Every structure is written in C-alpha cells, then in structure tokens.
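Written out below as structure tokens is the structure these notes cover.
When the chains are written out, they are named A, B, C, D, E, F, G and H in that same order, and each has its own residue count from 1.
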C-alpha cells in the first residue's frame, strides 16, 4: 500500500483512548523508515468517551498537503463499538483497508479489506490499562503495520522513542503482538 | 437561612441533555441549578470557557437561557450594558455574567471590579474549577497552592487568590460562596441575589474531574469534601456582613473538619504535594476561617 | 433648528442626544473626553433620558454599549487612539454579532511617544473589523453623519456597527457654528431602533456558540462583506433623505470637489480635506492647474465604483495618507490603487505620507506637493516616487 | 454584488442533543435497582445531564435516559443505598 | 542535529529554547496553548534557563515580555486570535519603542461565533503595527523562522519586533519531522542579544515621554517604515547564513515555486501554500497549465520588488486570501495589486477569498479555481470577477 | 516604626525643576520623595497619567529615574517583565510601577491583581489623586462619594473603592498607605518595600489642587486634614498583619479626629454635598477604621 | 529606499527646565523673611518644585530659585512661623 | 480689517485666564454678525499660570482651513507680563494689530498697530474675579472688536449667550468698557 506514494489514514477512537498518540507514533516510525509522515487530530471539544478522529499521512516524499483527509486509504478503529455509533467508513476508498480492534471478525462488509485484532485483550495481557481502560493504541498500531506493509521494526522503535521506559517496552511488545495476531479478510 | 427541600425544586430543564459537557461536569451542574433557581427570567452573558463549549454546536444550543457569548475579558461590562438596556426599555430580566475562574479573577478582574464598584445591577457567578479548563488545564489565579496544571508541572507555587474576600472588600450588596455539592444552598443564594438591586457576587466551587484528575463519579464527593475539610467555606454577606451558611457552620469548629488529605488524595493534581505542603494548606484553611469570621 | 457654536466633540454629544440614545458608556481619553463629559452632563441634568455607565476601560466601554445594543437599546460610545486599540477585540466581536451601534472616534496619534495630536492610524487600523468607517471634515459633518450613521447601521440591509472619525483638536476641540435640528426633526428622520435580534429573557436565543458547519460560519463573514456592499446604497439614500430634511448633502460615500473638468486629482480623508479644498482653489486660480479633490467620506465600505468613475479621465492622482502601514504604504493608498486598478484605470498614482503624529499641514504644503508632483507627471508622464514622506512646514 | 438581504447570523436555538446522542460517550453504565431505592431523589438532583426522571412507578422510582446519559457515575456515587450500579458499557 | 516529530507548537517552543530566551510570558488560547505548556515544562525541568511569567491576560503577556526585552533580556511570547486582538494595543507600543521581541501567532478565526480553526484575519490585522510579519508553511519553517526572527529583529538595521504565524491545527497541532539543530549550532548563529537601548537603573533614560518636536515624532514613524525596508536585505542575508549552517533556505521574503517558465500565477501565505504546491504540480502535469506559485513568506515588509520581478511576464495572477477586509477586499490582495501596479505591471489579477473561518480547502479546490479562472483569462484576457468567494468542497 | 528626621533626607533631586507639573502638584511631591527614598536604584514604569506629562517634553525629561512609559493598562505586567529580566541578567534594580488611581484601580486592576497574585518582585505605587486628572478630572473608582468631577456633575454616587483593603485581601508581602503630607513615613515605607522580595503595594494619597478645586498652596494642608479627620488612614501590613502608622495612631480614637467638614470645605469638588452626605461620610470613616483594625 | 541606519528613537535624557522657565507661570510669589525663620526645613521638604535650597547663611537660611518656582504657595502655607509671604507676582 | 476675507487671530494668555473662552465667544459673535468663525486652543499640558495660546479665524465664507495659524493678523494679549516671557509677536503680519491688556502704552514697538486697554482694572471694577484673578477676557474682547472693526453689538450678545445670567451681563458690560477705553496707536 505504501508504494502508491501517499497513504492517508484516519483513526477512530474515543476521547482518552489515544488515537492521536497512535497517529503521532506512526509519524515517528515513518521517519525511521525513511518515509515522511504527518499526523493531526480533528480537534474539537474532546470529551472522555466521546468519539474522536485523528489523521495521518505517510509518504515517500515530504507531505505538503494540509487539507482534511476526505478519502482515506485506511481507517483504524480503536473501539469495537464505534462502527455502530458513527459512520467510520465515510469516504473510505474502495481499495482501502479497515483495521479494527475486535475480538472476532466484524460483521460489517464492504469493498475494502478488513483486518481485525483483539487489541483490548492484548492491552490487558500486557498490563496496559489507564483509569480502567485498556490502552489499545499500540496493539492496533502493530496491526496497522501488518495491514499496510509498514516495517514493524520501526513501529516498535517509534513506540519506544515516543513513550520511553518500561511502559514503552510493554507497548512495543503489545504492538508486536498486534502485528502477529491481526487477521485480514477481503 | 432556610434550607430548601429537594421536592420543592422545579423539574424544568434549562441545560438540555445531549450537551457538550464532559461526563461528570460541575459546570453542567451549576447551570442545571441555575435553571432551577431562576428559570427563564435569566439572560446569561458567557465569556470564553467551558460553558461556552457546553452549549454545543449552533444552530442548536443546549442552553434554554437566553445567552450572549462574549469575549473573555468583557462579561461584566456586557452584562452591565444589558441590564441598563433592560432598565431603560422597562423589561424584566436577571442579567447574569457566568464566568469561569479565569474569566472572573484573571483577564476579567478589572471588569469585575469595575462593575462591583459601580454597583451595576447584575449577578456575577464565578464558576470556579480552579484552572483554565477549556484550553486544557492551565493555572489561574484561583488554582490552589500545590496543584499540578499544564503550566505548573511541579505544582503551583502561589496561593489561591481569595476572591470572595476581595469581593467582600468591594462592599457590594451581596457576596456569597456556594458549591455544586449543595444545590439547595446555591439555589437560594441565586434567588436572593436576584431579588437585590445592584451588584451581586456568587462564587461557585466546581470540582472538575478532567482538570483535577479524579474519576468523574466523584464530582459531588470532591465538592462535598472541600466543604467538610473547611477548604471551601459556604457563606453569604449582605453589605459586608458575613453569615456562615448552614452547611459550613459545623466546620467553624476546627475539630469537626475532616482531614484535608481526604480531599487532596482523591485528586491526582495534588499528587506531587509533600507533607509540608499539606501543613501549609492546613494553615491556610485556619487563616481563611479566622479572617472570614472577623466579618461575621 | 438652532445654530450653536460647538466643538466637534460637543457636536458628537449633541448627535447622541438628538438620536435619543438610551445607553452611553465611555472611558475618557484625550481628545475624546469632552464628548463623554458633555453626555454625562446632559444625562445628569435630565436633558437626555439615558443611562450612562462610567466604565473602567475602553474594552468595557464597547462591551457595555454592545450589551445594551444587543439588549435592544440605542447605544453610543466614543474613544480614540490607545482607547480604540484597547477595545480593538470588541470591535471584531460587535461586527461579527451584527449588532448596530455607533461610535465616534477622535483620531489621535498612537504612542510611544505619548502624543495627543491627530493621526489617522487608529482609525485606519479598524478597517478589517467589519465596521462602517467614515471620516468627517468639519463639525457639522460630525453631527450630521453621526445621526445618519444610526440610521444606516440600523437598516436591515446593513445591521453593522459604524464609526464616525473626527480629527483630534482640529475638529474635536475647534469651535465653529453647527446647526442642530430640533428634536422633532430628528425624530421624523430616525425611526425607533431596529436590529436583527434582541437578547431578551425567555426568548432562548443563543448568540455566538460554536458553529457545527464551518461553511455557515464563512457565510457569516461573507454576509458582512455583502452588508458592506449593500450599505453603499443605503448611505446614499440616507444622505438624500437628510438633504431633503436639512438642505445638507454630502454626496454619499464620496464628494468630488471641482472635479467636473479636472485633470489631476488629489484624495484624502478627514479634516485636512478642508485645507485641500483651499489648495485646489488656489492651484486653479494661481497656477491654472485643473485639480480635483476626491473627498473620501466612507473608507468602509470603500467607494470602489465612485472613485473609479471620477478618475476615468484623470491624468494623475495623489493620495494623501495621514497614517502608514510600515513595510508597505498608506492604508488609503492601498485601497485606492487596488480599486482603481481593478476598474481598469491606469494612471500615475502617488502616495504622500504627511501630517502623521499631528505634524501641521497647510494648504501651501499641499499646493507645493501638487505643483511639484504634477510637474513631474506633465514632464515625464509619471511620478518620480510613488511613496513620499512630506514634512512640509517652513523649515 | 447582490443586493438581496439574507442575514447569516451567529444565532442558535435551544435543542436537545446538539452534541449528538451523548449516550454513546458512555464507558460505564448506571443501572438502577428499584428494590434498594429509598426515593431520596439525590441521583435526580445531582445528575449533571438531567437524564434521570422521577417516575415514581411501582417498578421504578426513577428512569435513566440512556440516549444521553454519559455514564459519569455521579448518581451511583451519591446514592445513599447504592441502588445504582455502575457496570462497564456494552457488557 | 536531531530530527524530532513535533507539532508546529512544539517546534515553536523548541525555537524559543534554542534561542535561549530569558523571559517567557504568555496566556493560553487554543490553538497556541501547547507552546506555553511546553515552555513551562522546559523551564520547570531546568532544560531552559528562563523565567516564565504566567500572566493574567494577553495584554499583560506582551506587556511583560516587552518589559523584559526593554530591560535587556531576550523574550518570547505566543498567542493567536482573540488573544492577539486583546494585546493589539501593545503591538503598536512595542514597535513604536523599537524593542526587538519575537512572538509566535497560532492563527485562528475571530468570533463570534467561537471557532478555533485557522483563518488569517488575526495575523493580517496586525499589518499596520510596525512588526515584521511572516507566515510559515510547515513546522520546520516555524522553527527555522523563529530562530531567524530573533536574529533579524535584533539587527541594528531593523530593531523591530517580529511575528511568525502558523495556521491553527494544520500546523499548530500537526506532528511532522522537524530538524532541531544542536544548541551549539544555534549559538554560533544567534549572537547575544542586541537592542538600541536598555532600561537600566541609574542610566536615567526616559522612553516615551511627549515629544517637543512633532517633526521628530513623525520621523520616528518614518524610521519604522525605513527599518522595514532595510529589513528586507537583512532577512535575505540571514536566510543565506541559515542555509550555510543547515542547508535550508527559503528565498528570503518570497519563494517562487515553478516560476521559471510560468504563465499564470497564484499567490498565498501560510500552510495552505503546501496544498497550492500540489495544485500547481497537478495543473502542470494533468492540465498542461504552466502555473507558478508565489509563496509570500513575509507580508511585512511586503516584498514589493521581488513580487514584481517574478510577475513581469505573468499572464494572470490569482491571490488567495484567507481573510477579508469587508467593504474592500482581501488584505494580501490589496498589497499585491497595489505594489504590482506601482511596478508598472498590468495583468489580470483576481482575489479568491477561501478557507475563512477554517473551512477546509483542498488542492482540488485550488485546481478548480485556477482552471476556471485561467480559462476566463485565456478566453477573454480578463477575469470575470475580481473578487470571488470560494467555498469549495464537494457540496 | 521609627520616624525619619528631616535632616537625614538626601538633597539630590530626582524630579528636576522646570517640569510640567501644575503648581502645587502632589504627584511631583510623590516623585520628589521617591527620589529621596531610593535614588538611582529605581526603574519607573509609568502608565498614562499626570506623571507621564510631568516628565516634560522629549528629548529632555524632568525625571532622573530611568523611566519607561507604558500603555495605560500595562504597568504591573511591564514591571514584572522588567524585574524578571533584571533577575535573569543579574542586575540590581527596584522596579516600580508608578500609576495613578485610574491606572491602578480601573483599567489596570486586572494587571495589578495578577501581579499581586503571582507575587512579582515589584513595588506598585498608586498615586491617588482620586480622579483621572490627566484627561481633565473624570471620576475613577477611587473618587470619593459625593465628589464632583466632569463625569459626575452632581457628585459621585458610589463610594471610593477601598483598594488598600482589597490589596490586603490579596495577601501580598507588603501593603502600606502613605500621604504626601507625611514624607518621612512614606519614604520609610518605600525603603522597606524595596528591601522585601515579592509584590509590594503602596497607596499614596495625593490631593490635587486642580481636580479637587482648592488653592494650590493647600496641597499639604488638605493631605494632612485627610489624615487628621481619619478619612485617610496611614498603615502598613506585612503579610496581612496591619499596623497603624504613628501619624495615624491618634485617630484610632474617634474623639481625636478633626471634623470631616474641615477637610471637605476646603475643596470645591464637595460643594454640592448635603448634610446627610456628610453623615454618610462620617459613617464610612468609622467603618473603615473598624474594618482595618480587625487586621491589626 | 536608503539603507543608512540612523534610528530615531523615542528617548529622552534628564534635563532641567524641559518645560521652560516655569517661574514664568507664577501668579503669586513666595518671599522669604529670614528674621522669622526657625530653620525647620519644612518649606524645603514640601516644595514640589525642589526650588528651595537650604543655604544656612547668616542672611538667609534658605533661597528660592525663582527661575522655576511656580508660586504654588505651599512653602508659605507649611511654614510654622509664616516666614514666607505670598505676594502677587509682578508687584 | 474684516474686509480682507479671512482674519486670523492669536490669543495669548495664561492657563486659567480664559483665552480659549474669548476665542469661542468671538465665534459666537461672528455668527451673529453673519460671519463664520472657528476657534481652537493650542492644547498641551495647560497648567495654571503657564503661558497658553488660542486661535480664531473670522471670515465671510465658511472657514475650511484647519492648519495652525502661522501668520496672524491680530494678536491678543491677556496678560501684560507675557510679552516679556514669550515671543507673542512671532509671525505677526506687518499690517497686523496687537491688542493688549496694559494700563499704559506698552513699550514694545513694531510695524503693527498696537491697541491697549487696562482690562485688569475693568475686570476688577465689574467684580469679575475668580480665585483672586481678574477675568480679563471679556474686557479685552471689547477692545479687540474696536481694533478690528467688529460690530460690538454682536460681541455683547455673544458674551451673554455664552456666559448667561448676571455674570453674562457683567461681562458684557466689561466688554463695552473695553471697547470704549481701548487706545490704538501705530
């Protein structure tokens, strides 16, 4: 997927789940992989639990474009319940990908490829919990890497640089797990 | 002061459901009770702050109050103008400047003090969540000593400005403190304020789960603890004469106050506090009571 | 009708009185101060039935009259210089709210150093805010335009606030005869206040919360732009109506003095237009130069069409600015050049920056500039410099 | 430039749900148990969303409007008898 | 050298840190807030040896850094939108004082209604104040230009304060790789602070009292005008020096992208210049249109000479403004038309008003506008409208 | 508090002769004594007001203090920045915001209150001539009840804002009142303030012959009467603890106060006052003493 | 545009008499009588113009610099012995 | 003098003496006389006792010119001491007039006509005193009327309109006296 030059990604999560962090880490990873990346939140009144979006662009060239992403190549869904609440597929390209935190194959269908992973379980397994919530954003980053053929090594490096310390290592491990456990179906 | 009974409170909603407040928001509570107190007699003047966001997105609004949003530093002056207009055109209205701690005590301080001195016929409600929440938890002059914010990473080094005292010193007809944990007290104070001509100041303590870093279910608990530890004193003053309000009366007696740590420990913003800081806070509480009681 | 010898400031206060403003709020600043003092006196003496709010700053002055106006009362304030700068944020807000409101600005130099003399920087600095902006030439115009400004701003085609500018001292403190029509005359001219909405207890209106749809927000900006365009005709109509009532007419957005046969033009705003008239007369009579004078009355809306109409046969134009946008040129010049260029005009245009910080400019100074500059054009078809700082005087 | 007058104003009118069905924000869900309820109304008083209604029926003293309940949990915390449980949303 | 993924705001905070500012004072406003938060963190962690004053308003923010700068310390602040409006008076004062000082402005829509998205009205509104004003396209430029701005403002040929503008969210909150040179590198580039005078106990200097001679006061205004002119060369030299140090060069006041063979031009400032580049590339590759892009980096001083040089053979120009002066046109447009006209250029110029109040503008939108408009020019030699509001989008 | 002897006062002039002050100007006196107190250690930050005019015309200045003129609303913030700069560059200086009652209590109130709360290391001197004199005698929040000004033709209807009390309520390290009639007291207070780190507030009573409408020869007399009638109370407070200054001490005792009419009658601005107004003023004096003494 | 650097700055330096010889403003003139003087220095202390100098000579304890004395009369009013008279200027 | 179209007058007085009022009254009088007038102070820090100036222009046509008066036709000096303190004659036209408050013929000389009147005495005679100062401005206005052939009737009307009441009448009488007592010498 990265070969097409510019890959546009939209993250869906809930306020407090770390969608913006995921997008940022992707930029770090991209830079390590010799790519250029930009990440930006869709800012608004971000409230705990409320659906939020974040965006990232990954490209071989410096990314110059600043406008909103209207036709993402990839959507990443951090919360299994979100597709029922908001139209996460809006604008998604037919040849796109959906990467979703879900314990089982989700029942929505579309022309895109769907990759799912039980990121919540992974997070809990690795002790990644804050205020009662599983921190799923790194596990799902691993899954995303798989889905778009992004070099996993740089993802784990990126996570460790961004988060640091013990927590960084745990998160990197969760990402590895996400990478290895994700299942993609057409 | 007679305490209202819950059953006497109206059911009408003035802050509508589906608003943009965070879960457990104290400002939402403050607005809800405001509606209970004064219903549609109110015109709200709202400077920038969480309460401007809570309204949700136009062309809809979660406020059933007539509401004029205004620049951050301008609320009392706009309110004074509005009140003057209502007087000259002969319309009834309770004009309320509804401002956060930042809009009240920082950028709005000159305007507040000016309206107080001129005795403009408005109520100023300071909804005090002790930081600039709408911009993401920066310190204000009403942030308490020791609290973490995103501009005081190692805890605030200065004490909370004692604004109720400062407003007392302005010799306005009515000054009161209130808390979102004691709605009946707050509602009565709002009603009293509305019945008085001139400048009225109500300072509403409003613990914010987001900025103070506690579980949203504890909003009311934290607010209550503030009163029970004596950190926040409920009182009212007519023309400078202070009366401690019923819910705070027990805590005149230092012995009956809960340990302040019970209040502090629920809040992550105080996690960097050292024991000597706690001592200091205890002393501040004592001092505040002493000073206030001088005016009773 | 009664002709009274009045300073520009008193003329402004009388205008507010005759307009039956209901709420006044202002903060003193030289040279505006006597406007507020006089209004305070009118009110305390019971000659004007209004409330005055003696605010603690200019930000609050505009905030207070804004609150009053939003609440349905005709309201008035006045300021100048640093006062105008201090309330600058509020200007944007009032225009964005579409609340009609009238303000007199006694134009004065901005510091440092402290300086109380006239300079148009403060007024020009407001040109993006969405307010209607007009410059008076004399005290009668101060009075007339303030009255008319109420009518224009409260027209449903406009619903924008408006400023009448008067130069520090050379209008604000200069006494000259001013005709103040009787109250009934003004009452017949100025209908009760209208505005697009009123903040009223119980009507549940919310003004200013975050928009869901940014497109709609941008349309609000465009609507202000359109309202400015629509205001042009309203200004002209109101000018005509005033003429029928008082016999005084100013030409709407612009007056062109001795332009019928003019070859060369000068343009300016504010009180020194009087001196420019004198210069034009003398250049014609003494130097045989056919010079015309564009008195730009309204800077916002900018009289794009009118100016280009007058200049269609012009051989040259000198724009006098009493302020400057450092790093570029005079604000008036920027607008004049742009709009004449868009109108397809092609003529030598020159910017003379003079009289800033209150430096006195005489008609002789203006004559000298014109003689020299027009000489250049007649010789070479163009000006030697496009921007010239002129200090004039006898030194 | 068009002369047509159609003001576009920064106004809004009261409306429920202007921030959407905020019940979707819920992470934990308050569940009411009528049997434990002592009808003190504190939950009603302190619910910041005003989504608790006193219905005073036999089967339920109160109801919660889950369309807009944000799941803050205040009702549960203030309930003197723990008649409102907080459970993870979606379980 | 270290490349860090940073938001525009963090890039700004890093620039202040690398410039070794000694005093910071700021007041939070979305979207500027994280600049101050980060600086507070740097300082509290001891990573930056500076004092931070957590002021109670923006007026005081600029006042405090002004005091610090007048007292001899390198100082920094940041704001945007209403914050910038609230400190507006102080901007005039600081420039009038000739005290160098650097400010980052996260540009944001002005209310009402409240709106946090990008719009250039706040930045453009400062154009008369005397400050140097530049617009960054991306986060690297935010960092680089802030560092360079310290050097430019502290150059004795300039001694004026300066602003670096960054668009709300699309720069301020967008993370992208930014090269942050090591401290020693910056130290070698940025000499210790210089300024024309220092307020020091005992030196008996008085700044700002009333002038005896108005001529001298007017000369001060002219000197600001001249300093802006002089700044042009300084900006170019500093750009070159930066290039030698970092390999990054931006072309001084202006960059002309794909202009060598261009027929038609577009011009703009700020972050959407990135989208314009994309549009230009596509218009060339897909539509065979030879379009060039004038990226105007500095709006004050306005690149009068450079712009006219590039446009000498242009067939048309479209100026994109992300703000408007109601009653006239876009501020950028006003300057561009004026200065190209003065340079004797005569080409169809059009003003597209787009992206105001944060409305998203895509490169497709830009392409569409250009295709349609250039079509008009090629057909009729001119544009159908000179001012066009463009809402773009798919709706 | 020890009282200085006149002979100990320095002869150096910091306000030069040939300045632009009106004859009998109290601000000139305030500046003269400031020089005596702190000589060339001072950097003055002066917002708009008579003191910006008194400097006379550039390129000369009647001030020998290093002086930064600043916008009306900005003085304490500029001073705070200057003080911070001096601290980081390691230079000694006593940074003083020297502002009128308008620059202090009205347009400057937010800035003042902000600097107080942050405890910025400056001295704020409020030179209080009880109106906006520089613009021609308009009322300020510190204009006393009943006084004529050009914006209160029939006398001010509101009371004088009790700013010293308000600043006390800010809990800053040092608050003092002073009067131009008691230079030694004032000079000592300035020196004390200069020796304390943090925010110091000095409120200087400054009767103005032009604005108060009395013969300029009475400037000192009027100022003295303010103290002797108990209208103006000289005190100082360290960290909120008040001490009545020696020159005011006698007037704690109401009996020893001169009749307030002696003060009022010298000033034409009070000529419209009625006997009941005088009663009211007497009551205000009593109240002010009572309140203040609570903090001793 | 010239490239020459010559800043024109809003600065001033201390100088006596920047408002001219302000003695010309005098309407009344203070006249000192040494015989009545008790050397209390109050006139020196309270003169707002600082134009009274303590010379402590036999013939005069103080002198007044009439170039700048504005004639306010404070010295006369504060003098405990009325050793300073106020006379109309020019008489 | 008024025949020449535009008459430019500069008043010299001291802060508190009423020079500005005199100029304003002249405008009132001019309007009554069918003339146009403008009056303006030279504002500055006006201090009690300090030398101040004010200006007036009288014309048959509406006065459009706003710049300072550099070459006055007439100077009016309210205080006998002023010529010694400031150059009151600056710019005065050779064919101009000086109107001065002086008990005797002043000893300065110049090409202009000099008119003097003891306005202080007149003021004292008519009880026009404020804060110990004789209010000389109306007496001198009478003298000015004589000096420039301005119709005295309108001056007295102007004074009464501007000042009003008993004081207005006293001032008008003082002006009449000034008119009749002034002595003009070449």
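Note that contacts are C-beta pairs under 8 Å (C-beta built on N, C-alpha and C of every residue); 3 or more make two chains touch, one makes a residue touch a chain.
This is a predicted model, so every value here is computed, not measured.
**Student:** Return the chains shared as contacts by chain C and chain G, ordered by label.
**Tutor:** E, F, H
**Student:** Give the fewest steps needed to get from chain D to chain F, where each step moves from one chain to a chain it touches.
**Tutor:** 2
**Student:** Please name the chain that ends up farthest from chain B once chain centres are defined by their CA atoms averaged.
**Tutor:** Between chain B and every other chain, the largest centroid distance is to H.
**Student:** What chain lies farthest away from chain E once each centre is taken as the mean of the Cα atoms?
**Tutor:** Between chain E and every other chain, the largest centroid distance is to H.
**Student:** For chain B versus chain C, what separation do you get between their C-alpha means, in angstrom?
**Tutor:** Taking the mean C-alpha position of each chain, the two centres sit 43 Å apart.
**Student:** Counting in whole Å, what is the centre-to-centre distance of chain B and chain D, each centre being its mean C-alpha position?
**Tutor:** A distance of 23 Å separates the two centres.
**Student:** In angstrom, rounded to a whole number, how far apart do the mean CA points of chain A and chain D lie?
**Tutor:** 32
**Student:** With chain centres taken as the means of their Cα atoms, state the distance from chain E to chain H in Å.
**Tutor:** 56
**Student:** By the touch rule stated above, which residues of chain G touch at least two different other chains?
**Tutor:** Answer for chain G, listing residues that touch two or more other chains: 10-14, 18-19, 21-22, 25-27, 70-71.
**Student:** What parts of chain E, by residue number, touch at least two of the other chains?
**Tutor:** Where chain E meets two or more other chains at a single residue, that happens at 30, 54, 56-57, 59, 82, 86, 89, 93, 96-97, 111-114, 204-212, 216-217, 220, 222, 227, 229, 360.
**Student:** Which positions in chain A are in touch with at least two other chains?
**Tutor:** Answer for chain A, listing residues that touch two or more other chains: 45, 47-49.
**Student:** For the complex, give me every residue of chain B touching chain E.
**Tutor:** 48, 52-53, 58, 69, 71-73, 106-107, 109, 132, 134-136, 138-139, 141, 150-154
**Student:** Which stretch or stretches of chain E touch chain G in the complex?
**Tutor:** 96-98, 156-157, 159, 196-197, 204-209, 211-212, 216-217, 219-220, 222-223, 226-227, 229-230, 233
**Student:** Going by the contact rule at the top, pick out the chain G residues touching chain H in the complex.
**Tutor:** 19, 21-22, 24-28, 70-71, 89-90
**Student:** Could you pull out which chain B residues touch chain C in their complex?
**Tutor:** Chain B residues touching chain C: 40-43, 45, 52-53, 55-61, 63-71, 73-74, 76-89, 91-94, 110-111, 113-114, 117-118, 120.
**Student:** In the complex, go through chain B and note every residue touching chain F.
**Tutor:** 73, 105-111, 113-114, 117-119, 141, 158-159, 161-162, 165-166, 168-171, 294-295
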